[in-house]
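Everything below concerns the one structure shown next.
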Amino acid sequence: MRPSGRQPTDLRAVKITRSYTKHAEGSVLVEFGDTKVICTASVEARVPRFLKGKGRGWVTAEYGMLPRSTTDRMGREAARGKQGGRTLEIQRLIGRSLRAAVDLEALGERMIAIDCDVIQADGGTRTASITGACVALVDAISHLREQDLLERNPLVNMIASVSVGVFQGTPVLDLDYAEDSNAETDMNVVMNDKGGFIEVQGTAEGDAYSRDELNAMLDLADQGIRQLLEIQQAALSG
Amino acid sequence: MRPSGRQPTDLRAVKITRSYTKHAEGSVLVEFGDTKVICTASVEARVPRFLKGKGRGWVTAEYGMLPRSTTDRMGREAARGKQGGRTLEIQRLIGRSLRAAVDLEALGERMIAIDCDVIQADGGTRTASITGACVALVDAISHLREQDLLERNPLVNMIASVSVGVFQGTPVLDLDYAEDSNAETDMNVVMNDKGGFIEVQGTAEGDAYSRDELNAMLDLADQGIRQLLEIQQAALSG
Amino acid sequence: MRPSGRQPTDLRAVKITRSYTKHAEGSVLVEFGDTKVICTASVEARVPRFLKGKGRGWVTAEYGMLPRSTTDRMGREAARGKQGGRTLEIQRLIGRSLRAAVDLEALGERMIAIDCDVIQADGGTRTASITGACVALVDAISHLREQDLLERNPLVNMIASVSVGVFQGTPVLDLDYAEDSNAETDMNVVMNDKGGFIEVQGTAEGDAYSRDELNAMLDLADQGIRQLLEIQQAALSG
Amino acid sequence: MRPSGRQPTDLRAVKITRSYTKHAEGSVLVEFGDTKVICTASVEARVPRFLKGKGRGWVTAEYGMLPRSTTDRMGREAARGKQGGRTLEIQRLIGRSLRAAVDLEALGERMIAIDCDVIQADGGTRTASITGACVALVDAISHLREQDLLERNPLVNMIASVSVGVFQGTPVLDLDYAEDSNAETDMNVVMNDKGGFIEVQGTAEGDAYSRDELNAMLDLADQGIRQLLEIQQAALSG
Amino acid sequence: MRPSGRQPTDLRAVKITRSYTKHAEGSVLVEFGDTKVICTASVEARVPRFLKGKGRGWVTAEYGMLPRSTTDRMGREAARGKQGGRTLEIQRLIGRSLRAAVDLEALGERMIAIDCDVIQADGGTRTASITGACVALVDAISHLREQDLLERNPLVNMIASVSVGVFQGTPVLDLDYAEDSNAETDMNVVMNDKGGFIEVQGTAEGDAYSRDELNAMLDLADQGIRQLLEIQQAALSG
Amino acid sequence: MRPSGRQPTDLRAVKITRSYTKHAEGSVLVEFGDTKVICTASVEARVPRFLKGKGRGWVTAEYGMLPRSTTDRMGREAARGKQGGRTLEIQRLIGRSLRAAVDLEALGERMIAIDCDVIQADGGTRTASITGACVALVDAISHLREQDLLERNPLVNMIASVSVGVFQGTPVLDLDYAEDSNAETDMNVVMNDKGGFIEVQGTAEGDAYSRDELNAMLDLADQGIRQLLEIQQAALSG
């Protein structure tokens, strides 16, 4: 039924490659099928103005797509002179989600800047970004701990994210672009490794969705995120 | 328990004033307690470029806050030269939600532009905006129908929106600023008058939230939105 | 003769409502007929860079129009990414005029930011803004004085403003939009309560105007501003 | 009494050089003492969008200052990414004034773009710009007439402009920077060669000004503009 | 002598991977040692405005760096709201160079947009970009030819580019970052496969360079570009 | 053969006028035939952020063209809201070139800002700018030395610049616009008074150029720059 031939409960092939580029403290290539995102975590010895002198750190995120990561070439945001609403919305979601993984006081007065740059898009770029960025974040924190800069571990839990939706009447997990662009409902879920919800964002694209559909989607998301958390652990112990 | 003395299941006093300003086809002042938003609906005889010649209409939305609608004065976005991420996120939500109220083909090749401008903020500006804007939208559609410009009614259902959250461990309805800024979880829900979900956006501000908390919040939202739909109807038949 | 049926020497109905919104130190809704402007005065404990350490304060102003305050919807300046020339010109005029009401040394190193936001436009938005903003300014100064933050009263005089013009050959006071858009000459006058001129800005829209017409317009303005100063006093003692 | 040793009724040495640069249809260097402005008039075979198909032309103006035209270097507006409020205000004034010299219907569907670029500033750059630009405009119109592109002469009258002010209690004509920066009142007047007023813009910099002072300033302006109109004629017949 | 241990006449290991991403008509990952750039060529069925209706095509280029492609994180140009001078200079060079490889009339009224995005930087990003982009361009042209859209082959020759410089007194080929940041002179050379020069850009970073040094650098560049042209051919026949 | 009737080895008439405007520490009008550029050098008692506290100075440059300095009117960059790529490229070149004339440590913690504003363009604006700006720079340094602010002379050598190209098969010196817009190759060369190269930027506009053509152009440039250095000296001793 699904264009890809997957079962409704199947994730795409997920692959997490650490140390993908050489300069960043954490650098991950995350692949959810044909969706490929470079996630880097950069440690900076400063905090935003509103946190100066408060003894706490910060995690922030930026998101971008290469112009030809998509089927048709998109205008380059740097050339157009501003980031679009979709971009800002996604990077706010990524930053908020990752801050839920970190004890900002344990981080001290420093910042970790996450960059998620999509080099190939096939649906689910924001969920892949969050899932990959959390691994890059762990590597950046390890880098700080190896330098003995932290008194205690600021990582409070792992987080991962997946999309779920209703496609041709059936709730499905981890939508690719062919599904995403035709789904009746599209929901992005971020959870932590204790099974708690960080974010639930569900949008009816066509008809409204029922409470039952909502529940079915959340069940799928919960199961998919468990698998993603295992793939993250495998990558981190690799 | 709540700073305002309300019960967890209480909405604030909600008031919808139609024909608030004189130029717009639909013009509403919506008040959720001390939160006051002017919502106008403007009919324009054109559609965005991507819809040209397709025989369909469009509903779009913009959102803004007067600089001193808030406790401390915020910089004016027009002076800063761009709309912030929060603004863009909210106006995308308002537009998407209102399009779920309208049959865009029945609207024909014209656009309804919704403007939601907050003149006083006390939490819940986006849910008040959606709830008020739907009434302004109805008036703008009536304006078109009175001119015999539409073959059939493009309004497919009413929508309304409310926030729910977990405040000091208890799920509560329609958070004001005092609650919102201290809530563990903040969720905005948009539903239609058939009980279907248009949007669910729930964010853990502090700890993650459980499936049980999510369900309790959705129950509260469902009950609150039913009341808001009645208040809309009363205003429209007033 | 006038579209509104007024005599050439008649102001429109003018109404000043104080404490219109709850957060600002001064908050006024000013109405000149159908022109309605929210004027807020915000006290800030800082001065612009060029005044730092000089022991003097500052009064500044910003002006905006809600997109559908006008007959046809105007593009939102925040969305277009810049304030237009007309907006900048008006807010410079408002700021300059209000500074003529204040002893900036008596204000100390703090700033009062005036925001004038037009919610409904029917001609004369800048003159209504100045007239209303002066009342908001007085309330903001009273707020500072109640906190015992000022050694002496920085208010040196009241100011008010009105438009005059030549409409169908006759000098008229306080033009509404129907007159303004067809006037041969349009002049905005700002005066203080000692009868001194703060600003005179007269523009020939069609033919040039003569010295006699200029004098007739100034006579009308003088008389109108006296009335506005009385309405301000009535509002302040209300 | 005046820093320059001039009498209150004296203009500075005014010089108008035509054909100053070679590409523009009209190109003038205007000097009011040490204030030097290059004014060009460019004919373009198009009109702004709002005039398309209406059979009328347009005159528009832009104004700029070289970064080191002033005592201290100012930031370049092109590098800062926007024109400041003062610049926009001045170029709006120049454009409005010059349109009062032209019959836009006689001009046909074409545009004359005026550029006033200050290469050395010593007070009165806007009045020098208007006075010089009117000569450049005449040359551009002559250029069109020589090509037989116009049925009748679109020039309806000449305009010129001068500043007047109150300096150390005395009304003075054509203020230089030393006076301008210390004047109590600063007024810019634009008149045509029939003695009619196009623009009067008078600002109290310190104390308010009286009706008597206003009248004295207008008398001075009237007399100065008569001289400027003669200097324009001499240049045009040169 | 060189930090990398290379001989003065040695290129770094160069690798060209075609079909690196799936959406673009041409997609190449080019590696010059640790410098890695994704070059895509996108065919678009339109030309810039200045070429409309002229029967000719266009090749344009844009360049960007991922924020953490560098040792320290650079601000994202999309977030800063503009492309910097270095970026614009490089993308103008890439576009100009690639147009020298193409017969724009044979291309017909269509555009090929080249995007060069640096994912890891270690010196020589512009020369790697040009060398890789030429291969992506060939693939995009082949794509057009396979669809029988072209009457004749628009590819007139191959081009490649390398940097040369004077490092510690010795002319060296293909500088990496360690050399580039300490070189006395830095020269980028673009040549075609007939041995002709497309661009020579040589900058003295410290002392000026002599005619002899210039000649020695050009000899090195000539030899390095011959090798790069062979590596391109090997990739294209792979 | 050349449109101007010049021999291939002829410069245009070059004229350097010092003290052209009165405010700047160095102010030069440079003319290369009909190309006229105002070059000012402004001393500022500050350095860019990246040099703070390092005991070194800086020389920076900005470049602009008056809108009607060209055959057709160009849009004003300040009005368009950004400097174009060509502008940024030229001002980066001017700044880099002039820094090669100065010992930045001898300058101390201060900045010299060069502004090159083209008032009439006829080809070669960047080479004229560099040649004129170097004279303005000398005057600004003399100004500092006269005030006894420098321990030693920061001027290490003079620099000058000229364009060379291949026009109708023949290498020619100092191209005017008629040649420049039809040249096969265009090269800008900056040299110092010891005969060393500061910059060589050669671009094939049509066909690629050969090593022999490159050598012929460099010979011409070398000879032309020697003459320009003499003209600079004559102006400085004038």
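Some observations on this one:
A, B, C, D, E and F are the chain letters, set down in written order, and residue numbers restart from 1 in every chain.
To be clear about the criterion, contacts are C-beta pairs under 8 Å (C-beta built on N, C-alpha and C of every residue); 3 or more make two chains touch, one makes a residue touch a chain.
All figures in this text were calculated on a predicted structure; none of them were measured in a lab.
The chains that touch both subunit D and subunit F are none; no such chain exists.
Fewest steps needed to get from subunit A to subunit D, stepping only to touching chains, is 3. For subunit F, the chain whose average C-alpha position is most distant is B. When every chain is reduced to the mean of its CA atoms, the largest separation from subunit E belongs to C. Interface equivalence for D-F, evaluated over E-F, B-C or A-B, points to B-C, where over half of the contact pairs coincide by residue number.
For the touching copies subunit C and subunit D, the fraction of interface residue numbers used by both exceeds half; the interface is of the same-residue type.
Our note on geometry: subunit A versus subunit E, Cα centroid distance of 33 Å, whole angstroms.
Taking each chain's centre as the average of its CA atoms, subunit D and subunit E sit 50 Å apart. Subunit C and subunit E, compared by their mean Cα positions, are separated by 59 Å. In subunit F, 81-82 are the positions where the chain touches two or more neighbouring chains simultaneously. Starting from subunit A and moving next to subunit E, the ring of contacting chains follows the order A, E, F, D, C, B.
Subunit A contributes residues 82, 85-86, 88-89, 91-92, 96, 100, 187, 191-192, 194-204, 207-211, 214, 218 to its touches with subunit B in the complex. The touching residues of subunit C, when paired with subunit B in their complex, are 21-24, 27, 34, 36, 38, 40, 42, 44, 62, 64, 66-71, 73, 76-79, 81-83, 87, 113, 115, 117, 119-121.
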